[in-house]
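What follows is chain A paired twice: with chain B in the first complex and chain C in the second.
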Partner chain A sequence: MYLTEVSTWDMVKKLYRYKLNSYFGVFTSLVIIQILSILFSLNGTGSSGGSSDTFEYNMNIYSGTLILAFMMGWAFLVATLITTKAYRYDDSSFVSNRTASHFSNILFLFSASIIAGITVYFSYHLFLSVVSLFMKVRVVQADTLTPIQLAQGITASVLYIFLFTSLGYLTGMLVQVQKFFVFVLPALFIGALIIDGNLSDEPRLLISLGSFYGLETSFIVFVFKTLLTTGALYGVSILVSRRVEVRP
Partner chain B sequence: MNVVEFTNVSKKYGKSNAVSKLSFTLAENKITGLIGRNGAGKTTLLKMMAGYVKPSSGNITVFSKDPFDNLQVSANRIFIDHQMSFSPLLTLKELLITAGRFYANWDSELAWRLFDYFSLNPDQNHAQLSKGMKSTFNMIIGLAAHCPLTIFDEPTSGMDAAVRKDFYRALLKDYLNHPRTIILSSHLVSEIEDLLEDILLINDGEKYLHLSVEELREYAVGVSGNASAIKELAQQHSLIHQKDMGSGRMYAVMKTEGAAKQALDQTRKLGLELTPVAVDDLCMHVTSKSQGGIDSVFN
Partner chain C sequence: MILLSLLPLLILAGIFAFIIWGYRALSFKNPGRKLAKWLIVGYAVILVAGTVYSYSEASTKQVIGKTVSRHEVKKQDKAQIRLFDRAREKGVLQINNDILFKKSEKSFPFKGKQLTVSIPDSYNLFVDRDPGFQGEVVVTHYMSRTFIGNMDVTEKRKEASIALKNSVLDVTFNKTKLHLAAYSEGFVFHQFNGGKRESVWEGDDPVFGDDFILLKVPQGIKVTSEDQLVTNVTVE
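After this line comes the complex of A and B, so read on.
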């Protein structure tokens, strides 16, 4: 019987196609989380008001930030989930090696991030409609975006979500290598926040981390910053996973 | 050409050795049975061959390559066991179609004919199947993939007797149509004996013997008769197994090799009876921990 030669990229594509079918639950959870996040957003993110003798006004600020934040959490969890044994062993039932498996996972998570990023935009508009139709609001003032701003907004959402998949993937992989990371990672995270809070009067860690990406004014630089971080996190995950056996 | 080569391979889990200093080769287009007791290291050996597990020391080549995490090896071998996991969201039909995309030699017609024969439901999920049905489905994938190296680890676990028989028959027929290297682990030697060409017997993670089935049938001989005559004979031969039959009689299994063979012929003069030893009995005797068998526990 002759031997078959296969290319890694070919197998990555086949695994990716398999994953689009078999990880369908990921997209079901996306819909549920977005509906939940719309409900939570109906509270508004801020409000102000005032009154005088003759009139009174109320201003509510609604934003889609909460929807995006929920999607980041979702992205983190989905990425962690697909590093678990149940998902990794599925790959080993067919032709694969770890490299092909990782790249097909990354490709899948990137696709999921794109879908999530676009639907965040749609959800935001659904949410605005819900607000204006059902919330007894007299006047709605929403920002109008140029097509370029819109594209940039969606791209930014996709990149943020993709960044969180890489964070989740690394977390998941570390836990697969050593179970004690389940306790160590949250402890490190919370410990760092506490130390940060004790060292200075004002906690800075999360804020400066957030503003490193969030306050970047140049779109191109932002794209580079997020993609480089994402790439680095995935790179570390792949290196870390060499310590796990394929299927013990 | 040797498809598989193990040289001094050991695998440690913690402090215990699952496989130690194992060396053997598998020639192209042969069916080999991997026989051993529970915990002998069969699964570990096969997982190393499939490239799932890395040996602690020693060297393994499959198609002249290191199989661990190797995509080329993965494309040319298939590993079938009861732990095979498939997405719970795909139906059996979708799984067969998916398997067809991955394996270059996939025989779709055979897969569907077997699928119908064993009356599996194409709309069912793998997770909903009973243990025996899972094994049946996995076996169909293993056969239809037509991989140059096909590895079955306890493929019949959970199958009923009729399905087991059908499986062995299907394996043999498909092997004749598409010769390839097949290794099959089992502890039911009597069932697969007729199917196999070679037997690789391992015990406590070490190779005990690797012989053709014909050679194994003549490997040992059973002697029964007067206990004292047998004990005397046993001093010249390697004794594999002995059993007290009561009233001064005993049964012993001795190796028949070289000059010893002629000596055994003389036993007839001593009034001892010689009987052939079935392959499965032999495998059981040589891997037995104590010479007296389970009886020794109760004596």
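After this line comes the complex of A and C, so read on.
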């Protein structure tokens, strides 16, 4: 019996606010990774060319896809780090429980994904400006997006990044349960790729996984797919975390 | 040389150091909090400035060529083939400005009876004999349309060098070299376009237009060429 009953939702809110104010490094690393991705993208993400007797062209393709890919990697790392002891123990200095800690983490990661997803779009334009200012190229085509395409694109970026946070969170949790997962998970991943490559003429594992989300042309179905996967991965993470030791 | 062979190792070490540094930067016990705040705010300002610049200047001013639909590109490609076939087989050249682009036209006074045209092989040389035409020859450089993806870049192509010396008409085609860039926000912004292609580089093969020379000469002049077949046509 306590004088004041604290609901789980109140705990989640408090922890979430604390994390937004304290995990500053998450956002500085976002800046650094984005700058790095812009630098990598400057070389172009692809090229094509052709010639005839009197005409020759080469075209560098500058795309924001690489920036998004870097952000996915960043999201995975951030989510993995957030499951480490240093971060988990920090929650115990508050009046909280495991559920509150998980939900505040998920909320924080979702907020970070929103920021990352929006800045992916802005950083693409920063990259575009750098290319236009410092590299002498004639543009053959620049996208003109409709407001709906823009909104869908940013939302999809956020969801892709959020999907990777859930993957990172599960990986982090598994490692917290058993340290040998540090070796087992990469070995399983690489092993699966090798077996996939050996079993068939063309490796299909990553392509099929990527196509499941990347080739989905219906926005609503895509949202369902990513949210269901993300929810499932976070759900498994929460279940797995029951086996993680509590702070002594 | 030794340094060069060590370069991949150095890059790997650099990436590793960067990851360690990033890992430490992620710690919330990071002492450089004020610096971090400035970094984030500064970056946000740069992002906004970059976006404003990109929208106002970069993309719109430099875009070259006219964009047409993929359907239109295919239609044009087929029409070009038909046009040349008809000219070669039936001797009827239809000057359709939707398909052909008139790059240059030069006229030379000519009083001789025989005109030799020096033109590289693989280029068409069409001759139109005009009964009401006297004392001059008109040389027109035409080209059928060139498309890179769905962009019509015909007008960027260079005109041929044409000169008449004595009774030899010399035609040299100049090569055009284009260095281009295509920008795209990324696949995620085109994923829900209902299966439409992301951008120009996902289009079909480029369509390289053909250059040809249309020579308008008075009747009775014999036109010969060493390397190229002379096709007499009636212009429509």
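Note that the second predicted complex is superposed on the first by the 238 of 248 C-alpha atoms of A that agree within 3 Å, B and C clash if a C-alpha of one lies under 4 Å from a C-alpha of the other, contacts with A are read in each partner's own complex, and residues count from 1 in each chain.
The working rule: a contact is a pair of C-beta atoms (placed from the backbone, for glycine too) under 8 Å apart; a residue touches a chain by one contact, two chains touch by 3 or more.
No experiment lies behind these values; they were computed from the predicted model shown.
Touch criterion met: A:86 reaches chain B and chain C at once.
Of the two partners chain B and chain C, it is C that touches the larger number of chain A residues. Legend: residue contacts after superposition of the two complexes on their common chain; A:99 is shown touching chain B, with no touch to chain C. Once the two complexes are laid over each other on the shared chain, residue contacts for A:229 go to neither chain B nor chain C. Of the two partner chains placed around the shared chain by superposition, chain C is the only one that A:132 touches, whereas chain B remains out of contact. Judged by the touch definition given at the top, the superposed model places A:111 against neither chain B nor chain C. Of the two partner chains, chain C is the only one that A:61 touches; chain B does not reach it.
When both complexes are overlaid on chain A, the residue A:23 reaches chain B and chain C alike.
With both structures placed on the common chain, the touch criterion links A:11 to chain B but leaves chain C unconnected. Annotation: chain A residues 22-25, 86, 90 touch chain B in one complex and chain C in the other. Touching chain C in their complex are the following residues of chain A: 22-29, 31-35, 44, 46, 48, 50, 52-65, 67-68, 77-78, 81, 86-87, 90, 119-133, 135-143, 145, 149-150, 152-153, 156-157, 160, 214-219, 222. On the side of chain C, the complex with chain A involves touching residues 22-23, 25-28, 30, 33, 36-37, 39-40, 43, 46-51, 53-55, 57-60, 62-65, 67, 120, 122, 146, 148-151, 153, 157-158, 173-195, 199-201, 205-206, 208-209, 211. Those residues of chain A lying in contact with chain B across their complex are 1-6, 8, 11, 14, 17-18, 21-25, 86, 89-90, 92-100, 245-248.
Chain B makes touch with chain A in their complex at residues 29, 47, 51-54, 63, 68-72, 74-76, 83-87, 89-90, 94, 98-99, 101-105, 146, 148, 178-180.
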